[in-house]
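As structure tokens, here come the structures.
Each of the next two complexes has chain A plus one other chain: chain B in the first, chain C in the second.
Let's turn to the complex of A and B:
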């Protein structure tokens, strides 16, 4: 065996090392030492995140099963940043009565899922992609059920694992068709001989359904609201950003690298699904009274926007998609950081009504939330405006004007429901039993500060978009 | 010279610090922080100027552009990109010196003048924001950066005019200033877009290089309504400049802007912001000269008319700040004329040099006049001349410095205004006799109304003041800037400007045209003489004269009813025929479609909510059925 192959897997090796250290720490350390577990875990993961920004070698390993390029490194960096932010937001929750003894589990399980996502992003073969997906999905069910004595959390775990298993089955079903039609699962082989025929179409659609589950595209989305609502807030944040981002990246590679020749097949599929996903996500979001369910539907419609970049099928679309996910990471996690803070301070309230009058008691938090929803809604000059702009540009560059128009109409609707949150915070009076002034922990504050910075800076600094563009070029 | 970036960044940091943390500071601390920061900027600006003019800016005998910092922000194509950078050339370095000097003086002066005002910290924060914007404007490497800072300047001017936001007149004045200049900036923006559409660049260096070859070639042939596209673009860009620099008929905001604190008037509405339009034309001068000489011609005529028009109004005003405001309009028009009559290269570019020269000297003596007026207002608590008189007894420093500034603006040698004004008149003399004689008359009028102002404030009769509220000399913080600026006003004319600033960056030699100098000094002396006769002592003669002038006097007193004309124009033409249809369209079509969208959304949202049943078996069913449906659609459609 050629051990040089492993040199390409620098980020994976780093992640596994972090995982092993934390795992051992969690098992061996005394209770006294364990008090340092959280900061150590965050620190180690921050190192792992920073490590990805050093130049890493590019190439293919294991005969093309595993691919490392500038773009995969960048994508993993985005996932790392998002995961780090989620970790930072989980401090108070992990230190609460029911979870303190198993904080280590949270980190180790999350790191395993992240490893799966790395493999999804770096896959050069559908089997690798599948293994990555499974590694990413199954432990996530544990995380969703992390507050297992809470009924909703347990329900979320069960629903997640059932639908996840189901979607894996469908995905494998699709892959078997593709293997049957082409005789290989390597992207490079498939792209050479794939043609638009019923067998490959069926294979593609089922494969797409499996990924659509992770991205929570309509009609594979129904689990989203229940799981997002039930799962602990930090896990919801992780699901909505990291898991979704990884799926979007994997979809990009699969479509561009393996199915690039049958764009005629997937273009209409993506077209319709993005329209339905954006619209339905919006329609449901309007009626929500629970903020986590609300963000579940908001994240569904955001996934629809991501498809707009994917559908362009060129380097511009690739750039816009990656950029969109990056911005989405900051915007959505800013929102979830605030939700976590409010939830922790109010003893577990996650209704939108819990945000009533937040401006009076916690102006800074409500300000961050405002930035987050403005960015999600695409209001200039925040980053979300630029990411929407670029993704619309990408779709329009391939002539999908009607699609862009529908998406634009939908941004109007999304503004309405995003503004409902603003209204709750700034205009509505707080409820009599509302929590007064509170202060969240320093970790969460750090994450919110980073998110705020991201919302401002990623949009204004055009060089970030240009850098992504330079890396994406030639895919 | 990378540290020049700090000149721009420091005021911005000050703005953030004072704006965000100011309320937590003691007012005096905020003021001192702001002033010290500005002092640092001033020192840096002088260092940059020294370094630039002594070595860094020189190649052989000619000056060159230095770009010590450039950040590419948005890239569209190879040449079309928006940068944020610093461009040092003779005029921008000169502007750095002017802006930082006057700004520092105003910072110091305000420590005394604004003492005890509510919002003292906000005042200093806004001054910093203004300084940042104005400095960013003059060092802009490209026209888009200039536009960004241009608007920032407008915003900070708006918030400073409306500083006393509880006073309705201040609020309406700030709105007026903002709306009028924004209206003009619309032209500027369209001009920028046309220019960059054809030339494919925003960069000043590329636009002006090789006798503006890029512009002359890329616009070749296009015409619109009988004028070439280049003419349109440059005329529209000039429109933005005319708005900021208060050229007729867009000058109406400047007199009202005097509602702001007086030091602000000195900084923004006399010395720096209002000359932005002149600076803009100067920056693009080669483009104007080679691509659209007819626009320059127009600038000359508009300028000459504005100069005369404003001077006549200035004679009749009784609010001392308004007199100065109209005088400012008139003097800026002088600079515009100088650019308008200028040609390119060597001694032919005398007008260009003269314009910048006058900008330089005017900044000092006009700031001095405003600060002096502020000192007077501080003492008598009124802007009206009727409440003043005989103040020389009480305010010796203000009296002397004000007199120096009046002599400077009147163009009496050896004060600075004489030299710069003389160059402008000399430039006009060679090119446009009509323009020259207009300016000549204006020079006389200027001397007359300035000394009318001077006599009525400081001399003129035995004004009795209340024993308890006797006017008094201003505190040291206010007196020192007056003295410093007076020194500048006396000596800044002695700088051999042509050695530093010229249209083609090559130094040339100027010599005094004795005929022109004699004419201009003569008319100024006559103006001062007439003022002495009429206003030296209190008498009935001025009122008698005004009565004899009848209608003309009344029209001038009411600023030729131009405010009313604009009001009529906006209320009947714009509101009724443009805004009303737009309003209808907005109310019915836009709102209607939005309401319709909301209604549809609400209805469909209600009808699909059953989909989310919470039952996982149903979810799985939708999952598989959905996949099959998609497959069927792809296969059979």
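Let's turn to the complex of A and C:
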């Protein structure tokens, strides 16, 4: 056995080390020591995040099962940053009555799901992809049901586990046909011998359907709103950003590396799915009254925009997709940070009405929310504008003008409903019993500051986009 | 078997029955892998390995799903999917 292979898995091993330390700490430490659990966990994970920015070796391990390249390291860094921000936002919730005794479990479970996502991103073989996906989605179902005594949370957990098991069954069914047609599960072998014959296409359709559930594209999106509403807010943030980002990266690799030769087959599929996803996501978002459901549909339509970058199928599209996810991480997490702050202060209210008059009581929070929403909607000075711009450029460079036009129309629709939140915060009067001025905990403040910084800096610093561009590749 | 499983997943109202249907789907896939491997590519073992991994993961999945269903049973009182309707939209 060649142990050199493990050198390539530096980030995974680091993550497992963090996991084991926290796990032992959670079990062994006395109650007195446990007070330090939260800062220690955040600090360790911050170290792990920072470590990813040092140059790491690239190559293939275990006969091509595992692939490490500059791009996978970058994707893992994005996932790391997002997870760190979610951890920082979860402080008040984890210290509340029902969850204080199991705060450690939240971290350990979340780290296991993150490990699964690492494997998804680094997979060079469909078996690895599947194992990573299951490692990511099974613990996530436990997280969705984390508020044990809330009916909604239990319901969200049930819905998530059943749907994710169902979707992985469909995905596997597709994979079995691809295996039957080609005789290998390695991306590198498949790309050599894939041709558009009926068995491959059948397999591909099932495979794509299974992955579509994870990305919550439109015909497969029905679980999204329910699970997002029922799950605890921090978990919702995690689901909507980290889990979705990992699924997008995995889709990118599977399409480019394994099915790059049959682009004619998957391009029309992606074309229609992205149109339906963006449009329906936007239209349903308009009529939501619960802010978490609202962001569920908003994230569905964002997934449609991500597909727009994937469809381009060249290096530019890949760069734009990764960049889009990076920007989406900061903007969406800023929004969720504000949501959890408001939720904690108002005793668990998550309706949009709870935001009425927020500007009067908490100008700073409403300002951050405004930045986040503008960035999601794509208003110029913020990062969201540039990410949308690049993704439209990538799609247009391959001649998908009609698609870009439809997406642009949808941006206008999305601005309408994003502005509804702004209206609630700035124009509407707060109810008399609304929560007065409140102050969120220092961790949440840190995360919101980081997000705000991210929204500005990622948009303005051109070198970030160029860096991504240098290490990405097309078909 | 796969389509019996899909049918069961959609039609059945009891969550345990849905879980059984899921098992049917996954077992169908695993048999599929094993058969493709045995008859089309007898010289290699990829499909067999996939089957083994698949069985292990399926077992883990069932365990987690059962735990979550028990949790739902405690807070809601039964395991009929029609009662899972607190959230609509």
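Going forward, the second predicted complex is superposed on the first by the 472 of 475 C-alpha atoms of A that agree within 3 Å, B and C clash if a C-alpha of one lies under 4 Å from a C-alpha of the other, contacts with A are read in each partner's own complex, and residues count from 1 in each chain.
The rule is simple: a residue touches a chain if its C-beta (ideal position, glycine included) is under 8 Å from a C-beta of that chain, and two chains touch if they have at least 3 such contacts.
Only a predicted model underlies this, so the values are computations on that prediction, with no experimental measurement involved.
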### Task
Examine A:3 and indicate which partner it touches, taking first as chain B and second as chain C; both and neither are also allowed.
neither
### Task
Report for A:148: first if it touches chain B alone, second if chain C alone, otherwise both or neither.
second
### Task
Answer with first, second, both or neither: which of chain B and chain C does A:166 touch in the superposed model?
both
### Query
In the superposed arrangement, does A:409 touch chain B (first), chain C (second), both or neither?
first
### Query
With the two structures laid over each other on chain A, which partner does A:54 touch: chain B (first), chain C (second), both, or neither?
neither
### Task
Considering only the touch criterion stated at the top, classify A:229 as touching first (chain B), second (chain C), both, or neither.
second
### Task
Check chain A for residues that touch chain B in one structure and chain C in the other, and list them.
158-159, 162, 166, 170, 225-226, 284
### Query
In their complex, what parts of chain C are in touch with chain A?
2, 5, 9, 15, 18-19, 22, 25-26, 28-29, 32-33, 36-37, 40-41, 44, 46-47, 49-50, 53-54, 57, 60-61, 64-65, 67-69, 71-72, 74-76, 84, 86-87, 89
### Task
Enumerate the contact residues on chain A facing chain B in the complex.
158-159, 162-163, 166-167, 170, 198, 201-202, 205-206, 208-209, 213, 218-220, 222-223, 225-226, 265, 268-269, 272-273, 280, 282-284, 286-287, 409, 412-413, 416, 462-463, 466
### Query
If you look only at chain B, which of its residues touch chain A in the complex?
72-75, 594, 597-598, 601-602, 604-606, 608-609, 611-612, 614, 616, 618-620, 622-627, 629-631, 633-635, 637
#### Entry: chain A to chain C touching residues, read off their complex
127, 130-131, 134, 138, 141-142, 145, 148-152, 154-159, 161-162, 165-166, 168-170, 172-173, 175-177, 179-180, 183-185, 225-226, 229-230, 284, 288, 290, 293
